[in-house]
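The structures come next, written out as structure tokens.
Look for chain A in each of the two complexes below; its partner is chain B in the first and chain C in the second.
Right, the complex of A and B next:
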């Protein structure tokens, strides 16, 4: 294994800031009722600027990051999975979803207070709180599991008011006024629903502010990821997981937009300028695909022993990041619309028009669109190979992955496919995966 | 009595090829029953549903990850094995992710002259889905016109709607006969008829159905009815399984399948705007689980079918890894249990273990008949 340090490296200065935002998020949700606020639940992709119009004391919990958080707490995750299975839910369903349902069934939140009354994760000594029941569900639907996920949540909780927006209106290159309006009209119905179930008046100014935050979070995140085209890469994917997640928690939140724009982006720019690498022995560059096996992120550290850095993935770049093709033909951050919002209808229209370009929504219509984007990343981020996670825990992001593999091979990129599960550790074979990595590194020329 | 339907199903490819030779028209393969066939039929195109062949295969492994349902892989295998070489077009209407893979792989590796992903809305419970789908259908109609070179008039659409509606009405009549104490037709036979329906010119199917209905009018089959069962769940064209169950002292009297009642249950209410009428039919149909939210509208429908067809027990089958149905069956099972209706859950693959399933079915039927024993 090559150990020679070619580049300087240092820890991210804003790392703790990211951790604090994440912890505060789960604390705010848990404590919302204590301060007279509201709690809502929905997906990481949901149009979260909409509930923001109900007030500044309305706190979300997004499904997928919550499922991943539980997965990271192995003991709790097994307890949740088994509880969901005991209720009759099949083991091959989305593993985030099973963790989430299990957390409701066993009534355990992966956070709580320690002896010093600090809010910390369960595995850091907190006594787990009960699952804080949301006041309403605000979901989106593009994957078969999305709306159905919360039907079950509502069943398990004895009924929660629920509104889901169908955003599966086709690929962005076929976007029409009719498609945008279909989503906009649903959002307008959704606002009426929110007013009815909460008894609150809706504030359009708060909506406008949240949409602007959304534009900043998603564009700036893409800009940060684009900086990883640099050699050496300033960020490695294991770290990226802890950073992109903020966008999955509350992309329309001011704290997330500010962090990306004012903390992380300037720091990553500086790292590129100074040639600070994520890993000092970078020689080979790869990307992954789909969610990682959260209990086994150590495989990314294992890569580093070979001088190999995973610079990201379509998943980490495009799940939250918004992109566009720049004048030189390369991928860069989507330009933030310079629009003054003057009415709810207009703001919603701009919001939807912008959001329907999300890269990670495109493969739901055709895996070939995803292959094209992956090949683009492989070229522009100067990759030597690709690691594809055939993820048994997420049908939505694994759909078409076998065709992606064929397309990448055809484009000349070596591919290592490994099977696993993002949130069910019973379906991941660490030793076998490492053996595969050994062989893959050998094919790339690493010794 | 249903040999003609069986022949159509068994010789599906010959039928389509002969139809092409005879009419000079185009044939399109479709995945999922949300495809608005009326528009295709109005353009003199024969829509045929792509189904699997229930044979173990090894051609789809490089194309579809093994955790996806066996049905989508079986369908793709038919394409990769060139069994549908005669197709001029291929299309899908947005439904589940699994079958979408079969479509996207097929068009890449076995290209056809016309391909279409129709953006069928998921939120059929939204009032805005009607306008949205109508607009999608307007685009689709233009694309079909361009492909076939035929302008589709309102008269053409009317004709197609009438033929399809007649087909649906005749099928409902056939299903009504199954309410009898001694149903004149078995579940296996009905499944054969529906499968044939999905790959045949509907005007021919109508003629055959009318003949069959006449024959069945006063027909009293000499077979034991036994327990009256319903079958529901994922795509299911496993006639071997149906036959096995019906030879164990039971009769399937009703189903909730896309290869069964869900395919034809409601008609197009033909209004002034033909495309809006067609859109409404597909929005308002008995939903596939992928579209049955926020409210679970399928459950009251299923309970009603059980009541009207005097069902003693329900077999819930699902294709392995079929997420949408997996997300529904716990709630369905609970609703049936609350209604006092026993259920048996079985997971299907491309081929089913008939011997093992027979033991489970027999035990289930014994359980249903328990009260009669004592």
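Right, the complex of A and C next:
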């Protein structure tokens, strides 16, 4: 295997900053009531700028990253999965969801305080807190599991006020004024609902600020990912997972927008300028797809033995990043709308119009839209091949993946498919996956 | 073809058996096959010793060793490893130069691969986490029907009817067999149903990667004439089945150790 160190490399300077934001997020949620604040729960895709209008002391916990966080704590994840199964929820349901439900059933939060009273993950020595019950649920609905997810959460918790927005209005290239307004009207109803269940007055200025943060987070994240077109890639996908997650936690939050814009983006730009590589022996470039098997991120490190770097995926680029086709025909960050918000209606309209272009929503309508985006990434990010995760834990993002495989092959990209589960480690075979990677690396000529 | 000037050894550590091939000057000079058992490294050593003894060689005479198979890292010694799909492709092209698609059905899993004229893999697929597409399936079914495994293939050629078996899983298939027994279906027809079901699973995997008319079937299950017949019919072609198909992986490893490539 090639071990030549072709490029300089160094750790990301803002790495610890990202970790701190994540820990503070889970701490703020857990401690919200101690400070007179509110807690809300909803998906990582939800229109999270809306609850921001209730005040700066309203803290979210988004469901998918929470499920992934539990998955990373293997012992806790098994406990949660088994608890959910014992309640009769079958194994073929979304594995994030089963982790989440299990966490409620066994009443364990994956964080808590250690002996020094520091807030740390359970696997770093904290005594797990009980699951902090949300005050309300703010969800949206495009994935088949999303609405049901919180119906069960509410049932398990003995009833939580819930509002769900139907945003499945079709692909972005067919977006019309009436479709945008259909979602806007639901958000307006949602605001009234939030005022009613929290007893708080809604502050439109806070809403405007949150929408601006949303624009910055999603556009700047795309800009960061676009920088990974560089050879050598400044970021590897294992690191990208730890960075994109901030957007899934609170993309409308100022701390996330600031981090992407003021910390990460300048640093990645510098890395590209100086030729600092994510892996020093980069010779081959691949991408993955859908959520990874979170308990086994080591497979991405395994690639490095062959001088192979996974530079990202449609999933990591497009779950948070907002993109547009630039004048030269390539994909780049979506231009942030330069509009002064003057009314709730106008702000919501711009927010929805912008957000309905999310790449990861498009393939719910057609796997061919996803194939087109994947082939674009393969070309523009200069890939040698693709690793597809046939993810049994997320049918929403995995459906159509076999069609994507065929399209990528037809476009001339070698593809390796491996089976697994994003959050249920019982459905991932590490040894066999590594054996497949060995064979795939031979196919690419890396071995 | 390039003439080999060295003595190389290929070790294929499969789920059930360990196969060893020693190659010299483009020819197989020795081979051995032992059960993997629980002490795999010890069994692999035994297989190597057995093959070396046949031709009066010792480890010192070997120029290069390559290990492959699911237990490749458990070989007692090796200079390098190579994926089993890579070894299969190389050896299949060596044995039958027109080969561009290879199907390997072993005890534990089924694999399909497309390769070029040099034997390099272009695409591959593995039927994993399911015994219904592997040799373990026929073993379980022959046990259920109380027919020796060696006779199971030939028995199915005597079938008079095609009975569909819908099971996608060995466990459920066994319960379907029980139903067939109750319905007094003949053992030959049941054996054919098993092979047809397995062939259907394997052909579905192969269709994912695509195939042409030159398809080689290798691995231990290729010795099962009933399965070969079912797969021939399912794919609509005549598969190339080499002599001693279970040794193809080990042969590929030995060829890789010698630096052999097809198309020359």
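Throughout what follows, the second predicted complex is superposed on the first by the 447 of 447 C-alpha atoms of A that agree within 3 Å, B and C clash if a C-alpha of one lies under 4 Å from a C-alpha of the other, contacts with A are read in each partner's own complex, and residues count from 1 in each chain.
Everything that follows uses one rule, which is that a residue touches a chain if its C-beta (ideal position, glycine included) is under 8 Å from a C-beta of that chain, and two chains touch if they have at least 3 such contacts.
Note that this is a predicted model, so its numbers are computed, not measured.
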Fit-or-clash call for chain B and chain C when the two complexes are aligned on chain A: fit
First, second, both or neither for A:415, with chain B first and chain C second: second
Contacts of A:195 with chain B and chain C, given as first, second, both or neither: neither
Contacts of A:443 with chain B and chain C, given as first, second, both or neither: second
Touched chain A residues, chain B compared with chain C: B
Touching partner for A:435 - first (chain B), second (chain C), both, neither: second
Chain B versus chain C as contact partner of A:31, first or second or both or neither: neither
Cα-centre angle that chain B and chain C span when viewed from chain A, reported as a multiple of 10 degrees: 70
Minimal inter-chain CA distance - chain C and chain B, angstrom: 5
Footprint overlap on chain A, where chain B in one structure and chain C in the other make contact: 402
Chain C partner contacts - residues on chain A that touch it in the complex: 402, 409, 414-417, 419, 429, 431-432, 435-436, 438-439, 442-443, 447
Residues of chain A defined as touching chain B within the complex: 87-90, 92-94, 141, 143-145, 147-149, 151-152, 155, 162-166, 168-170, 176, 178-179, 181-182, 185-186, 189, 364-368, 390, 392, 395-396, 398-403, 405-406
Complex contact set, residues of chain B against chain A: 61-65, 67-68, 94, 96-98, 100-101, 104-105, 108, 117, 119, 121-123, 126-129, 131-132, 135-136, 289-290, 293-294, 296, 320-321, 323-324, 326-331, 333
Of chain C, residues touching chain A in the complex: 70, 81-86, 120-126, 128-129, 208
